[in-house]
Each structure stands twice: as structure tokens, then as C-alpha cells.
Amino acid sequence: MITAAPQEREHYLNASHGLKSWLLTKDHKRIGLLYLATITLFFFIGGAFATLIRVELLTPQGNLVSSETYNKLFTMHAVSMIFFFLIPSIPAVLGNFFLPIMIGARDLAFPRLNLLSWYLLVIGGAFSLFAMIAGGVDTGWTFYTPYSTTYSNSWVIATALGIFIAGFSSILTGLNFIVTVHTMRAPGMTWFRMPLFVWANYATSLIQVLGTPVLAVTIVLLFLERVFHLGIFDPARGGDPVLFQHLFWFYSHPAVYIMVLPSMGVVSEIISTFSRKAIFGYAFVAFSSVAIAVLGFLVWGHHMFVSGQSLYAGMVFSFLSYFVAIPSAIKVFNWTATLYKGSISFQTPMLYAFGFIGLFTVGGLTGLFLAALGMDIHVTDTYFVVAHFHYIMVGGALMGYLGGMHFWWPKITGRMYPEGWAKLSALVIFLGFNLTFFPQFILGYLGMPRRYHVYPAEFQVLNVLSTAGASVLAVGYVIPMIYFIWSLRYGKVASANPWGATGLEWKTSSPPPVHNFEETPVVTHEAYDYASLMAEEVEVG
Amino acid sequence: MSDPHEQTHIDSVGSYVKILLALLVATGVTTAVARLDLGAFNTVVALSIASVKMLLVALFFMHIRHSNKLTKLVVAGGLLWLAILLLLTMTDFATRGILGVPGK
Amino acid sequence: MADHAPAETLALRVQFDTEAQQKDASTLGMWLFLITEIMFFGGMFTVYTVYRSWYPDVFAIASSSLNEIIGALNTGVLLLSSFTMVMAVRAGQLGQRKAILIFLILTLLFGGIFLGVKGYEWNQKFEEHHIPGQAAFHLEGVAPSDQGHAQLFFSIYFAMTGLHALHMVIGVGILLTLIVQARKGRFSASYYTPIDVTGLYWHFVDVIWIFLFPLLYLIDRHLVK
Amino acid sequence: MEKFRLFPVQASTLAPEVDHLLYFMLAVTVFFTLLIFGAIFYFAVKYRRRSENELPHAQHTGYTLEILWSVIPFGITMVMFTWGASIFFTASRPPNDAIQIYAVGKQWMWKLEHLEGQREINELHIPVGIPVRITMASEDVIHSFFVPAFRTKQDVVPGRYSTTWFTATKPGKYHLFCAEYCGTNHSGMVGWVYVMEPKDYQDWLSGGAAEGSMADNGKKLFEQLACNNCHKEDSSGRGPTLVGLFGKQVQLAGGGSVLADEAYFRESILQPQAKIVYGFEPVMPTFQGLVTEEQVVQLVEYVKSLGPKPGTGPVDTGQKPAAKKSSIAGSAPANR
């Protein structure tokens, strides 16, 4: 554009101004930022609940809050973190922002639908927040019947409705991504030239589209039973509470992969960029994402080994569960192999990627314990499970999210974050995380049940360790919050490609223009082709 | 990507009327057959007729027979996932109590 | 928005390069949405399968308390509405604006009749005290201790037909908007995607009913004289 | 406070088995964690970027490596599956000579009852070295019977019986937890399992103030509720005789048969029409809401005490009582 003023280039952030230009935007990048604001809010709400939980567990007597309050705390911690932070986190923020750019599109296929999904998340969040403020909900995020339908006196319906609505947000995001990937790729962007982040988000979207509706109908049935006494899971009428668990876990097990698959995509981008080398076995890593998405639907019964499902079903689900280990192992080994003979630099995103691989390895391997029937009898519903899924969801998903935020922050805002502080906080988070959750593996094997407000005194030492770790972790999360905001104004101005990365998002300016590219890019190279990238740079200067 | 020229297959009114008649007849047949005692085959017949009706609606009214491979794949995938939900849930319910111990 | 963006039309939104690309995207989007609907109803089909396999005798008696003739006729009405819907799509393909309007209105009409009949049937259930969760619930021919199982049948009946009807109501709402747009002459042979994808939705809701009818009204009713 | 420990006490025959599997899985976990951490660390240092313009050679030859690191982990996981499944199988099948104890979970306590009639709340006394089988019911929501020292856990689902069993190997006092979240005082639904020498256990049994054995109490209930009006000792009653019924296959009206176990007895008391014995009318009223789960287990125990006495009763000895009429509308086969 010749008309662009020389001092300030027009980009998506300054193209229009005012609240309305944000609340009615159809630009996927701005919607991504709206999501960022929303989920950050819920992250800190969920974090506040976590803090109270950990402080309460410092002493075994349960003398800070009442049992009723404690039960609400862990329920609302999970609801905020799972449905309003982790599930939307990477897809709705980073995916929204970068998926169209990475395939060379001007926007998602359905920009209005995209805005609608953000509004749905906000409305769903408002319902859940209302429930929290009005008095909270105490069913556990699993909403097991008949407790949730008949016995709980808390705000079950408002919370469930919030999750139901947020579920549609998730479905629409997934649908939008799938259609976009199928129909909007730039010329030359073949399936096997797509960045692995796009593959991972595509696989995630499949889960969102295929799984979330089952959660939705489960919530509807819960609603009908609680409000209209339809009694579909009511044992007094010959109904089966275990059937509720089947329907619930049909979604909620794959939901774990909604959280962690996009993180794996982020890690693939980071590992490749900072070792300046194509991901080892690109096709394997791409297909392993889809394989995880598919196999993830066949294993839900491993949450129910002692629930009263049949022994035969237990065997089937245990057997199938081990198949998920294969694509997960492939990813971890292939990332590691990518480092071999690479050119490795240690910027913050890479530190998060290393953290992810390490913690996901521990989380994944302890998952094998839980999939083993005889072992699961002992450790299910104990702190072993709590530790395991935090290693996957916080150690894995959240590490990937933070890594991605650092990786793409220059592109999103046009500013660099302060590298020194960022490295420090990455280290603090890694150490704090392990100190918080590693003791919980031991607690769990010793037999401390989860969701216990009052616990036997012999478990106190490990709980104190865990709480100490949590306070370190909390500091680790606050530091990035501060320096990210600081960098918006004072950060160094970022170049178009500060990391020397290959994706299309680095070929456009930072921050990108409204329609992402000045002209539609034509893709001529495979993904992660550093040789031709460097050749181009030499040509340019 | 599909080519815009091969996109619109316009079926004749006659073909739609035929499909409608077939659907109405099938509805009548399935209602009548429900009165006969065919043992376990009542369920089989009822569901088979329903499946045929579904196919007619999907292939003709929803134009799947003119659709691209991707659409067909999407539909097949949806049905496959429904089957996963039903079959794996039934592995539990069909095998309750196989050990002869209450609750196993 | 950016001033250099090309002028946007309904048939070609700014994010697309060609009209064909946009049509592909809309169609694929609708099909994916229908997949989510399959899974949504799938949850209820699962519930139905489990309980029917547990309590076949009670379910047979409960099934037979529904009037299958009304059910069959109503199925016919719905099939007719699918036919008029596909005719509206055909009129769209040919760009016959008047025919589009007429067939959309007919579809709306048949949809309305279906819902009316459904409402009548539900009302019958209320009069017969076949409402689960009510103290007065009683199903003739079922032992007192098995009334709970009969309640399960009617819970499933109301949940499934209720959610199906809700989808119909949403469909009726969409049809109304389409009719308003059709009156304004918004559609033509080059732009009728909204009619096309609404058609997909409408037929899908029809397909769900095609299964609900035998599952709820027909199976095993011969066992009960 | 007890001394700090990393592993829980082993106090049942199952505990060492689960722990051995744990050691194996720990070894695998430690090996792979070190392998990955080690490789990352080694590569990261060795191949650190030395100049801004260096360009590593990307190469990927064949799929040997991927196949290798798919197949080997899969092999290891199959060992885990088989091992875990075999323990699970043992843990699911109580031995026939096990002592029977009943448990009822309700918000928020465990009520336990021994055959001899001793009742306990949040305490369970059992003998060492003898298998104990616990049949469990819930009065309200889902609970879970969890004894970490025994490595056993079983959810107790309302509306049906659940079973767990163990053989304690070491006298002592062990935690009993409710492991499935059950409401406000979930963490207060805890108790102790006292494992005693068999002799001490016998003393304890005879020491308490039991008001008759479970079967005796069940018999009283049986008479109070007038069950004996129809279920007589011979086959003259309106209902089938219950003598010698336990453990038999019962022929059902409408075809098929069912094993007469605790779950069947419970169902027949609460939902008598669910399974009609071949040759009888569906005339029994339901006792749902009239009896608590605790009373049901007493009735069940009474019926069980009527013992298997082969050759009597309407059970599968081939002789059927004189046909009275088929029961469910037209679906039972004609009998003559």
C-alpha cells in the first residue's frame, strides 16, 4: 500500500478503534484476543480456588473452611480450569489467531460463527460465574448421579447450563477449524505441507465435533432428571447411575486430548524452530495426532474400573487404553530425535517445550499405571489420579500454552517479551510444578482419597510439600502476566520473524495486517524447510 | 475442491415424487408389520425399514449421491462414531454379572 | 474494516476466493453440524438401547400404549414436509423465486401440523397420567413394582420426542427467516445456499424421526394384545 | 503421628501382588523418563547453536526407528495389561470359603453387619488369614469401599449389590475410606478395619451385644412382613418355597433362568415382578420403601440360611410344581 503512513503501518490492532470494533469484530485475530482475555480471567479464578484448596490442606483437620465450602472449591476449580480455561485455551486463542495464517487464509471459513462461539463461551462463563457467586456447586466436575440429580443442594443447574453453552462454543470452534482446513488452504499448501500445529488443531477439532455433543445430551438428561424428575439414571426406577458415567466419560476422556493435542502441536513448532530442523518423521507426528484423537474415543471405560461396570468391559477398555500409548510415545521420541544434530538455541519457548516433553512423559507413563486393571483398583480416586492428570493437563497442556504464548507473542503484539524474566519464570514454573504434584503420586499410592477435606495426620508432610510447591507455582504464573502486560508498551519492537521460523505466519508482518497477508501467499516448500528460508534471507539481504 | 460446473445436479420432480411414495409406503409397511409376531425379527424388520428410509432421504433428498467423497466420509464417520458409542457401552451392559458375583 | 478489502457479497464473503469455495465450505459446515447432531441424539439412543434390553416386557407394554396410527400418519406428514423442502431446494437451483416461496411455506405448514399432532399426543399422555415423576403415574398392565421401569420408558419418550420437537421448532424458525428473505427476492440460481443447508438440517430432523417412530411406537407391540 | 513412609503397609494377600506390578511399572517409568531427560539434555548441550548461520542437515531415512519405538513400548504395555488384568481377575472373584459380611453405605457412614448379628458403624473387625467377602449396598448415592492396606476398592452403587473381598495377612488397624465423592462429609466417611487373630475374632464375635444372628433377625422380619403367608416351607404357598433356593438356577416364566444369588433375592424383594418364577402368578407386592437396605440384607441372609437342600422346591431339579397359569400376558409357553 502506497498510502500507508511511513511511521505507522496499518495492522489488525490499529485498523479500527473503540469497544464496538472489538465486540463486533469478525477478525479471527481479534476474536483470539477476546478469548485470551476471557480465559485469562477464568485461569485466575480457577487459580484462586486452587490456592484456597492448597492452603486448606496444609493441616489435616480441615479448619480453614467448612467441608461444604471445600467441596465447592474443588468443584469450581475444576469447572473453571477445564471448561473455561484449558479446553478453549490453545485452540480458541492461538489456534484462532494462527491457524488461518499458517495455511495462508484471510480468515476462518465462518467469521460470524467464530464471534458467536466467543459469545457463547462468555454466556456460558457468565452462568457458571453466577453459580459460583450465588453459592457455588459441590458435585465435583464429574456431576455423578444420583448425587447431582437428587442429593446436592447447590447450584447444579446453573453450572451445568454454563458448561452446556460453553460446549457449543467448543463445537463451533472445532467445526470452523475443520471446514477452514479443508477449504481455505492457500495455493500450494497441501495437506503434507501443513505445519504440525495445524494438524494437531485439526485432530482436536475432530474430538470437539464428535465428543462434545454427547456431553451436551448428558447434561440435558441430568437437567431433565433434576428439574422434571424424569429419572433416567434413577436407581429407584431401575435406572443405572453407571450409564451416566459412560456417557460422561465418552466425552470427558477425549476432552483430555482436546487439552493436550494442541499443546503437542505447539511443541512441534517450537522444537523445530529452535533446533532449526524439520520435525523428525513429520508424517508420523502428523498422523499420531489423528490417531490419538481416534483412539481416545475407545478408552473411556478406564475411568470406571471399580464403578460396577462388568469385568469384561473393564478388560476391553484396559486393553484399548494401551493403544493410545503408541502415538504418544512416537511423538515424544520423534521430538527428542529432532534435537539430534540440530542447531539448538535456548529461548524461553524452547524451555517450555523441554518442560512439556519431560512432564508429559511422566504424566503419560503414570497413565499406564491407571490403565492396568489390578493397579487401578488401588490408585483410582486417590491423589495418584490427581497427580497424573495435573501432569498431563498442567504440566502438558498449560506448559504448551505458555510456550506458544511466548513463541507467538511477538507476532500477536509486535513486541518482544523480556527474555531474562521469561526464562526465570519458566524455571520457577517447572520447579514449582514438580514440587506441587510429585508428592501427590506418593500420597495417592499411600491411599489418600481425592476430594478429601479432612485427612489422616500421617499424610500431612506430603501435603505441606505440595502446598509449598503451589505457592512457588503461583509466583511463576504471576510473573509472565506482569511482563507480558509490561512488554505491550516497553517491549522491544519485534521483527517479522524474530526466531528464524518457517511458518507462513512469520512471512507476514508483526502484528499482521487485517487480512493477514498483503497478497495471498503461494506455498512452494515443505513445512520446516530451513535451507530455503535461509537462502531467501541471504537473497533479501 | 469441487468444480462449480459439476456442482448442481438438478433431479427431476418425478424422481422426488417416487422417493416420497416409497417412503410413505415403507411407513405403512412397517406399521402393519409391527402387528405380526415375527419373534426377534420384529426389531430387525423395523430397524431395516427405518435404515432404508434413512438411505432414501440421505441419498436423494440430501443429495449424497451427488456429493463429493468428503461429504460421504463425514457421514460415514458420524455413523461409525455412533456405533462406537453404542457398542462399547453395550460391552458393559451386555456382560454384567458374567462372573456370577453381584456387581462384577 | 480495512478499506482495501474487496466489496463483500452474500454469495462471496471476503474470506473466500470463489463462490464455489464458499458453497463447499457452507455445505461441509452443515454436514459437520449434522454429525454433532447424530452424536447428540446418539447419547439418547444409547440410553434407550440399554433400558430396552433390560426391561423388554415393560417397554413392550409401554410402547403399545402409544397410538401407532397417529404416529404413522404424523410420520407421513413429516416425510411430506421433507418432499416440499427438497422441492424448495430444487426451485432454488432453478432460480424460480415464486416456487421457492411456495415450497418453503408448504414445508412450514407440514412442520406445523407435525408439531400440532405431537402436542396432541403429549396432551393425551398427561390425561392418561403417563408422566414420569408424577405421583399419579400409572401404566395399565404393568405390575406396581415395575411402574418405575414404565416411567423410564416415558422419560425416554419425552426426552427423545421433546428434543426432536425442539429441533423442529428451531427448523420452523429458520424457515420463517428464509421465507422473509425469499419474499425479498434474496435467492437466485447463483445464491441459494441458505435454502440448501436448511434443507439438509430439515431432512436430518426427519431421519431422526424415521428412527424414533419404530423405536418408540412399533417394536414389540405385537407382544401385547 | 505415624512414621513417614513412601509405600503403604501390605496387609492382604493382594497387596504384594499389586506392589510387584507397581515395582515393574516404576522401573519402566524411571527408565523411560531418564532416557528422555538424558537424551534431551545430551542433545541440547552437544548440538547447541554455535553460530547464527549454522544450518543443520535434516535427514530422515526410512521408518525403522519409528517402528522400533512403536513396537517396543507396545510390547511392554501388553505385559502391563496382562499382569494388571490377572490381578484384577483375582480381585474380582471371592473364594467360596470366604466369610460373608454385609455393608451398607449411607451419607456419611459405613454400617457393617456380621452373620452372627454383630453390627458396627465405621469399624470392621475381621480375622487374619481367612478370606472375607463383603456384599455392599447403598442407601443413597454412590460410595466406594477402600482399604489402602489391602489394595482393594469397590464402588457401591445404589440400586444393586456390589462385592469386594480380601484376605488380611497382618493383624493391626487399617484405614477404611469412602473413595467416591458422596457429598458434604465425604471425608468424614472413614473408619478402621481391625484385623485380629482368628481366636480373638471369635471372642469378639461372642463378646458383643448382638441381638441374634442376621438370619435370626431376617427370620423375624420375614414373619413380621408376613412373607411366610405365601412362601411356605413346602410348595403349598402362593409363592415358591425358598427352602434350598440359594445357589440354584431358577426357571423363569417366559423362558430363561437366573442364578439365585444375593442380587436376585434383593431384586425379588424390591421388584418382585422383575423375574417371575416359572409356574407362579405375579402377585407379590413390592417392599420398596418398606424395608431399608439393612433389613433387605437380613432377609437375604435368612433366605440363604434356608440352605441348599437338593430335591425340594421349584428349582431346576426338573420337577416343576403343578402349573398354575402362565404369568406375563401371553408370553410364557403352555405347560401341559
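Going in written order, the chains are labelled A, B, C and D, and every chain counts its residues from 1.
The definition used in the following text is that a residue touches a chain if its C-beta (ideal position, glycine included) is under 8 Å from a C-beta of that chain, and two chains touch if they have at least 3 such contacts.
All of these numbers come straight from a predicted model, not from anything done at the bench.
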Which of A-B and B-C has more C-beta contact pairs: B-C
Gap in Å, rounded to a whole number, between the CA centres of subunit C and subunit B: 15
Intercentroid distance (Cα basis), subunit D paired with subunit A, Å: 37
Computed distance of Cα centres, subunit D from subunit B, in Å: 40
Residue list for subunit A, restricted to those that touch at least two other chains: 182-183, 210, 214, 236, 238-240, 242-243, 246-247, 250, 308, 311
Multi-chain contact sites of subunit C, meaning residues that touch two or more partners: 21, 24, 28, 32, 35, 38-39, 42-43, 46, 50, 54, 146, 148, 223
In subunit B, residues with contacts to at least two other chains: 1, 70, 77-78, 81, 85, 89, 93, 97, 99, 103-104
Pairwise touch network: line, ring, star, complete, or other: complete
Subunit A - residues contacting subunit D, complex: 62, 67-68, 71, 138, 140, 142, 144, 146-147, 150-152, 235-236, 238-242, 275-278, 280-282, 284, 305-308, 311, 314-315, 318-319, 322, 325-326, 329-330, 332-334, 336-337, 339-346, 354, 357-358, 361-362, 365-366, 368-369, 371-378, 380-382, 442, 445-447, 449-458, 460-461, 528, 530-531, 534
Residues of subunit B defined as touching subunit C within the complex: 1-4, 7-8, 10-11, 13, 16-17, 19-20, 23-24, 27-28, 30-31, 34-38, 42-43, 46-47, 49-50, 53-54, 57-58, 60-62, 67, 70-71, 74-75, 77-79, 81-82, 85-86, 89-90, 93-94
Footprint of subunit A on subunit B - complex, ascending: 1, 70, 77-78, 81, 84-85, 88-89, 91-93, 95-99, 103-104
Subunit D-facing residues of subunit B, complex: 97, 99-104
Subunit C to subunit B touching residues, read off their complex: 18-21, 23-24, 27-28, 31-32, 34-35, 38-39, 42-43, 45-46, 49-50, 53-54, 68-69, 71-72, 75-76, 79-80, 82-83, 85-87, 90, 93-94, 199-200, 203-204, 206-207, 210-211, 213-215, 217-223
